[in-house]
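There are two complexes below, and they share chain A, which is joined by chain B in the first and by chain C in the second.
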Partner chain A sequence: MTGRQRKQLWAAVQTALILIAMFIMLVPILWIFLAAFKTHVDVYQLKLFFTPTLENFGIVFDDPYRLGEKLFNSTVVALVTVIIAIPVATLAAYSFSRFSMRGETMMLVIILATQFVPAVVIILPFFVMFRDIGLLDTRVGLILVNLAIVMPFAIWMIKGFIDGIPMDTEEAAMVDGSSRLQVIRNIVLPMAAPGLLTSAIFCFIIAWNEFLFALILTNKNAVTLPIGLALFKGEEGDLWNLLSAAGIIIMAPMFVLALMIRKYFVQGMTMGAVR
Partner chain B sequence: MRDNTLKYLLVLPAVVVVFATAIWPLIEAARLSFTVGRLNRPGSLDQYLGWENYAWAFLEEPAFWNSVWVTAVYTTLTVGLTTILALGLALLLAPGGRLRSSAQTLLILPFAMSPALIGVSFRFMFNPEFGLFDAFFGVLIPPLADVSWLADPTLAFAVVVMADVWGWIPFLTLVLIGGLASVPRDTIEAAQVDGASGWRVFRDVTLPQLGPVLAVVIILKSIFSLKTFDQVFMLTNGGPGTATQTLSHYIYFNGMKYGQIGYSAAVAWLMVIPMIFLTYAYAKFVFRKG
Partner chain C sequence: MAEIRLDNLTKRWGDFVGVDNQSLHIRDREFLVLLGPSGCGKTTTMRMIAGLEEPTAGEIRIGDRLVNDDLPKDRDVAMVFQNYGLYPHMTIFENIAYPLRVRGVAKSDIRPRVEKAAEQVELTEFLDRKPKALSGGQRQRVALARAIVRTPKVFLMDEPLSNLDAKLRVTMRAELKHLSRELQITTVYVTHDQIEAMTLADRVAVMKHGVIQQLGTPDEIYNDPANLFVAGFIGSPAMNLIDGSVKDGMFVTTGGTRLVKIDAQDRDAAILGVRADDMQVHEAGQGDIDVKIYAFENTGESTLLTVQWGRQRVIARGDRHLRKDQNDVVGISLNEDHLYLFDPETENRIRI
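What follows is the complex of A and B.
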């Protein structure tokens, strides 16, 4: 074999490997997409060709499943969590980025560390407290504990974005007599807006996919979508066509959001350790 | 207002939120771990018990050691497999071009999937009657054709590991592609001009340059593996028996199903200890830049 042939062969092998890898990565998702459009008869067979139906999406929103309520809970919980977290995190991130404080590194390390605390540790005291003050199975309770997982990400991510904004405009405005708060509102916020939106989407996805807190804290009124998946167990086992329809409702919006911010996923997840 | 006051006021709300939602529960969990702590017995949450919950876990509970063992094997396997496979995929996808860029974009999808849903999806894929992966492995490895994966302790464990690796490969790959991009091209080209083989270039040039990024990835993945709960709960619920019961699942089970809050808080704190070391290691990389 000549050098050129060998190169071509190697390129072909690489392409094949990439296609196989993509197939493995996508096939569980595709399979759910297919199953969601199958009837309850077709879903129990390894069929690739079938007459698609939309009935599953109707059934999951009907009695007794009422996925609409879960969808509402998930949306409210994730949205309010983000609406609280982003402004609070932005103020802190600005301060961490622009000033040096006593104990700053310590504070940042502790904020980073809280992200690594297992959720199951955090939830035990909250469960006891919520039981005593009547916050079990409420959206308010769920929003409070969700802040625990979202805040560290938000602070670190937004700090990364603000670090990237040059300080000269701010300094010029200060010389012209603007106060620090005016500078934040009129200069930093508009410049950081894309970064803030990215962080908000990132946090929304985390809160939307959160599972353990909702599993322990909710049972009826505040149940979110991921917990709602457990509903689709019939007497004869899992109702896969309905599970899949619910699965699409959970993941499709997240796919759209994730594609919007895909460039920042790595930075967000690693808290800036890798850019 | 002076900046000197303002800078502390700006961080105050965030510090309050982090303290209330993360630090307080840690401290309160530590307190609970020294109490009788039964959910159904009023007053037991303040009934001091000393170190007995910890002693109970260490000396009287084979199930605790089982979950430690499951978590250790699980973490080792998932961290190792995910890192190796993601490194391979990153090397494959890093050069760019149309096919490779679209593949990189698609990698976001599994990563945006809720871990609970990944668990459901893999239970579906390994269903003995109509699971696609089940059928696939049945053709590939004939002895596996008629087994029920999730009913067998070893195979169920394998499925849980596969689901985890599947869910995390995309993220690790994307991080490593970023890391590869920062390996200087001329160093690689210089080595190639000197006649080094592809493997030598990878081992002697690329891999050492990738070191810090790999370290970050391995620490981060270890943390997430140690905490694993969602997939396990949806996929096997710890079973069959306790074959796939991770520490998080064991804590959940004792605390929520049996109402032993004090005991599960003790086990939870035992789990925090390795986290402290990992966080310390991680923080070193984060602040290396600053």
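What follows is the complex of A and C.
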């Protein structure tokens, strides 16, 4: 086999591997997408051509499923989480990036280490604690839990973006007459904006998809969309057409956000320093 | 406008001494250059004046005011950074206007002042662009304009020309000199380039290992160096330093050549300093000593002859019409009025 043939073969293998990976990842999504528009009868048949219907989307918002409430809960929980997490994480990340503190590395490692604890391990203490202080089945409780989940992630990510802002620029602003807070507002925030937006979107996705804590800590009032999916279980088995419709509703915002991330992520990476 | 007074200023990081107990009085309207190799403490000294670095000990005064505890913004200084430190998300106009805006200057005042500063550095046509769209030289001008848009008490410049290419550096140097004479504001300028120091400074402070080696006018540090370090650092090509001894009023090289008459006491070890320009090149046999050419270089405006002098190499400057070749023999004579003698132990100058 010549070198050129070997190269072509390798390229073919790579393409094949990518196609297999895509197939494995995308087929379930395609299946859900199709099932969401099928009737209860069609759903168990693996046919690609059928008469699409929108009635599933109507049913999931009606009694007894009332997906609208869950949608509202999910939106409130994810949005408030992001609104609190990003400013707090930005200030923390700025401090870690720019000031030298006693035990700084240690603190950063501890923040990251909280992510290593499996959620299942701490969920019982959470349950007991929330029951005692009355946060069980409340949106506030879920927001607190989600903050604990996204903050370490947000701090590390934003720190990376702030590290990329040259010190000279900030020092120039300080000599030019800015206080530290003015430096952050006028220089750091605009320069880190693509990074902050990227972090915000990631945090939103994490909070939006959070399942385990919501499953254990809510039962009626604060139920979120991922938990709502579990409702579609009737006497006749899993209602796959309704499940799929709800799945589409959960995924839609993610698709939009993913597209936004792609644009800003590239911008965040290529912002670059002025030299 | 103000004088700057540094008293017993020290900066240490753990065991590392950046600036070692230095005192310096910079006069009102003076252009003072801090000159030295990298790591000599010159930038640290400037950053302490700016308030970007906190001194370990000592006092800094700008005008009559003790500024040790003042934030950078309260010291009324303007600084030009090596990497310009521009604000990439703002237009050139906004960059130059920033010091005014953040200090609460009235909006109606800002535009004329920015336009005047931009005009002084010939940037008027670029005001609407972002820094990204400018060349290195233009960016440096933006940094300059941002410094001169206010009338600060003190200008601080941290190697402002070192990121520019050689040709642009020469033009910008002249522009800087012109601007500083016009503005008449006390300036501290940090550089490792001795030509910048010579051309721009009213006085130069040569630093090494956190200690000022010599403070003087460019003339003084060039013609009257205080020690071996200053002698070797200033001048291009650097001063020739020849190992030897002094015996019976003659300087004798380590190779045993009786080189030149020198009016000093006998000593076993001495270093003779002589600049390339203070040596005359003659035909073989006509100088004090005959030497073989190691390398002959023609720079256009003059010629440089590196000659082998026993075990040492020495550079002499010849006439620009001189043409010699490697391994030719020439005669060299030294100008007895411009010789320097140093103690190799202490590295201090031995006054003749």
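Following the convention adopted for this analysis, the second predicted complex is superposed on the first by the 240 of 275 C-alpha atoms of A that agree within 3 Å, B and C clash if a C-alpha of one lies under 4 Å from a C-alpha of the other, contacts with A are read in each partner's own complex, and residues count from 1 in each chain.
Criterion: contacts are C-beta pairs under 8 Å (C-beta built on N, C-alpha and C of every residue); 3 or more make two chains touch, one makes a residue touch a chain.
Fair warning: this is a prediction, and the values are worked out from it, not measured in the lab.
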Chain B versus chain C as contact partner of A:147, first or second or both or neither: first
Chain B versus chain C as contact partner of A:212, first or second or both or neither: first
Partner chain in contact with A:14 - chain B first, chain C second, else both or neither: first
Comparison of chain B and chain C by chain A residues contacted: B
Partner chain(s) touched by A:175 [first = chain B, second = chain C, both, neither]: second
Touched partner set for A:257, first chain B, second chain C, both or neither: first
Touched partner set for A:26, first chain B, second chain C, both or neither: first
Shared contact residues on chain A - chain B and chain C: 179, 271-275
Contacting residues of chain A [partner chain C, same complex]: 166, 168-169, 171-179, 182, 186-187, 190-191, 271-275
In the complex with chain A, residue positions of chain B that touch it: 1, 3, 6-8, 10-11, 13-15, 17-18, 21-26, 28-29, 32, 39, 45, 89, 92-93, 99-100, 103, 105-118, 120-125, 127, 129-130, 132-133, 135, 166, 169-171, 174-175, 178-179, 213, 216-217, 220, 223, 226-227, 229-230, 233-234, 248, 251-252, 255-256, 261, 264-265, 268-269, 271-272, 275-276, 278-279, 282-283, 285-287, 289
Contacting residues of chain A [partner chain B, same complex]: 14-15, 17-18, 21-22, 24-29, 31-32, 35, 43-46, 84-85, 88-89, 91-92, 94-96, 98-99, 101, 105, 107, 109-114, 116-129, 144-145, 147-148, 151-152, 155, 179-181, 205, 208-209, 211-212, 215-216, 226, 229, 238, 240, 243-244, 247, 250-251, 254-255, 257-259, 262, 265-266, 269-275
Of chain C, residues touching chain A in the complex: 50-52, 71-73, 75, 77-79, 81-89, 98-99, 102-103, 131-132, 136, 139, 143, 146, 156, 163
